[in-house]
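Remarks on the structure that follows.
Note that the chains are named A, B and C in the order they appear, and that numbering of residues resets to 1 at the start of each chain.
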Amino acid sequence: MRNFSCGYGARDADVVRDASFTLESGSMTALVGPNGAGKSTLLKGLLGLLPVTPSGEAQFFGHPLAAVRARVAFVPQRAEIDWNFPASALDVATMGVAARLGVFRRPSREGRTTAMRALATVGLEAFAETQIGELSGGQQQRVLVARALAADAQLLLLDEPFANADMAASTKLLATLRALAHEGRTILAVHHDLASVRAHFDRAIVVAGAIAADGQPREVLDPSQLAKIYGIADSPEGNAA
Amino acid sequence: MNAFLAVDLPALVALLLAIIACATVGNWLVLRRESLAADATAHAVLPGLVGGYLVTGTRSPWAMLAGALVAGLLTIVLARFVVRATRTGAATALGVVCTAFFALGVALLETQGARQVDLDPSCVLFGSLETLFVATRESESSLLAWVTALPRPIWTLTAAAMLAVLASVIFAKEFAIRAFDPSFARVSGAAPRWTDDTRVIATTLAIVAAFEAVGSVLVIALVACPALAAAPFARSVRGQMLLSIVIAMPIAIAAYLASAHAPMWLGTTNPLNAAGTVACALAAAVPLSHGVARICQRKFHAGNAFNRRPV
Amino acid sequence: MIGANTMLVLAGCALFGAVSGATGTFVLARRRALVSDVAGHAALPGIASGFLLGEVTGLGGRSPALLVLCATITALFAALCVAPLARLRRLGDDGATATMLAGSFGLGAALLSIVQSHASGAQGGLQTLLLGSAAAMRTSDVVVLTVLSLIVVATLTVLARGLAMVAFDEEHARVAGVPVRALDFALIVLLVACVVAGLQVAGVVLVVAFILTPAATARLFAGSLRVTALRAAMLGTATAVAGVLASRVLPTFPTGSAMTLAASLVFFTALVLHRKHKFAERVA
């Protein structure tokens, strides 16, 4: 992804300017930064999910998103889903499999097996038949990850997957993501817990109106740097809105 | 032919077909949190109906149907544009657009002398259930004769119902993926835009076809209430769809028969408004069904909140 | 020249435009747009039972005061039912609204058919209910509208700050001791009052336009809730006046439609300007 600049059409001007970075496969990268600094906006802008198409160029595996949708999956924030939807965990995971099929095809038995495997990877195989509304928050988040897995995505983009997750849920999810990265998949997650980023992620990109820092969490997230970054976020330039 | 076969049975057939058409498309609307689409469409199609008449100069139902379809689709397009272009909520955008269309329709109706269009308010609101009757000659009393003598609105409704069911079966996974999580659908390319457009067209067609037979009030109820009544018990999308029809049919039949015959038992001569009674009954079923579900849950899942399995 | 009757209609509609614009702003801020639709439709069972009550008690089936009272009661009841229903797990705002709307209007239709078998002329009543009869406004109607407008505006002024806090952040307001439920209740009462008053001006369907459209237009532009409400009131008045005058110039043009179309035109113009402005800002 090079020279990517995106903005939120409904508000003034660009929220994030001149963002530019490249991800390597098999890595776990975290997008961090103060609230409202544009982390989720950047993610959604990359994926074409904002009402106004951002300017700039985002390349996925060397191609525009439209050409490689089969290899990319988006895991939205838990709060954006209506968990009263009538579906079991397996049903949602199967949606990931179904996403890979053409319009007139149905998931086969193999497909459901793939979905079950995806559920097993995130540790939810015991809850396959449970209605998603009856799952806990952490479990719901993992169902969304299972869906992305079932779609066999090579690049997973997660929007605040650890929001409102307790320690147990976060630990489980981190372990899952680590395993996926190990397999060669690429993970990009919006995250707010800096300690967790420092401990578990390969790379941290700090977003505060623009990309303020990019590199190893140990270097990027040391106390003096953080003061500067979160300090920057308070000035008019940083928020650019 | 006795009164039941001539008058009641055709009306019941229309009612059941309307249930199939509207509950099918309605389930998707409810899952997408768009339960009021039928209300908006009801208001918005007026200029289409009048326009169809004005453009062709005839009272051809096909012209009016086509006009209604165009108006309905245009409303949706405009409302979506408003939502995208501003921070206006979806409900407000739809309200602004469909009332504007309604106002336009009324204006056209009054100024263009289109009063012959046969759009008297009670017909628009309550449909023509009471006028859907079958009249065959004494000598023709076979089933075939009866079926072929069914009035045209029933055939339009049949076609719309078949289309609705077909679309729901063919595109079941696309509709479900999109309804559950549109952003995932968009990124992964799972449910291409044209499948959703097909759904919108099938929905508008079902709603407009049903308007003619049962009126807008009942259509609004049919689109939302069966699915909403089935929702507390549904464990899958298909389950909700089937359950909604299973719930709606007996209620509608009972309400219709009650509206037609109960007043006579009570001593008055006029039947109750059929469409209104059915609509009211279906709406009442919604909180009732939720209440029943809650009671069942309490009885069979005592302590569920505490014995939920750990993360 | 503008005759006395036109002045009356102008006064009544202008007042109504102002009041509904202001109320609509708060309604939109609280995301209760759909409730106005329910209130309008739920007036029908009230009107029908008002008829029946009138017949039964000998007050005469067409006593306007009784009809308005009954309409207000049923509309208020239905409007207040929406929020609690919406909290049911698989229902939601849209589902609760659709249920109340269809149920109350269906009930109204059934009751109306009972009325029709007893009294005549209820058919014409349905037409008036649907489309309103602004042109038939009388002095008494304008007086009522004036009183209503004063009450609504006074109440809104008093409640404005509380409503703004709740609209901005409900949890925070609750913690800060703002009586959220009381404010919501008050807002619904004001909304229902506007809707019932508007039934005569514009009819069931178009009254919603008056509540939503000027307010939606005003909200396209930045400003505090109070400023927006003021702008919405002015827009409501202006478009109402424009509509009445237009329908005077074109005799067959119905008044309610003219007012609605004026408001909608203004909305779409504002929308286009808003987009141009945003686009210009981005390019610059």
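Annotations for the structure displayed:
Basically, contacts are C-beta pairs under 8 Å (C-beta built on N, C-alpha and C of every residue); 3 or more make two chains touch, one makes a residue touch a chain.
On a predicted model such as this, the values are computed, not experimentally measured, just so you know.
Contact topology of the protein chains: fully connected, every pair of chains touching. This structure's chain pair with the greatest number of C-beta contacts is B-C. In terms of Cα centroid distance from the overall Cα mean, chain B ranks first.
Centroids built from CA atoms put subunit C at 44 Å from subunit A.
Centroids of subunit A and subunit B (each the mean of its C-alpha atoms) stand 39 Å apart. Note: centroid distance subunit B to subunit C, computed from Cα atoms, is 26 Å. Shared contact sites, meaning residues of subunit C that touch two or more other chains, fall at 89-90, 92.
Shared interface positions of subunit B, i.e. residues touching 2 or more other chains, are given as 33, 86-87, 231, 234.
Contact with two or more other chains is made by residues 82, 84, 86 of subunit A.
If you check the complex, the residues on subunit B that touch subunit A are 31, 33, 84, 86-87, 170-171, 173-174, 176-177, 179-181, 183-190, 192, 195, 231, 234-237, 239-240, 304, 308-311. Chain contact summary for the complex, subunit A toward subunit C: residues 7, 9, 12-14, 82, 84, 86, 133.
Subunit A contributes residues 10, 44, 47-49, 51, 65-66, 69-70, 72-76, 80-82, 84-88, 91-92, 95-96, 98-101, 103-104, 106-107, 126-127, 131, 134, 136, 138-139, 147, 151, 153, 166, 168-169, 172 to its touches with subunit B in the complex. Interface of subunit B with subunit C (complex): residues 30, 33-36, 38-39, 43, 82, 85-89, 91-93, 95-96, 99-100, 102-104, 106-107, 110-111, 121-122, 125-126, 217-218, 220-221, 223-225, 228, 231-232, 234, 259, 263, 268-273, 275-284, 286-287, 290.
Those residues of subunit C that touch subunit B in the complex are listed here as 28, 31, 33-34, 36-37, 85, 88-95, 97-110, 112-114, 116-117, 123, 126-127, 130-131, 205-206, 208-209, 212-213, 216, 219-220, 250, 252-254, 256-258, 260-261, 264, 267, 271, 274-275.
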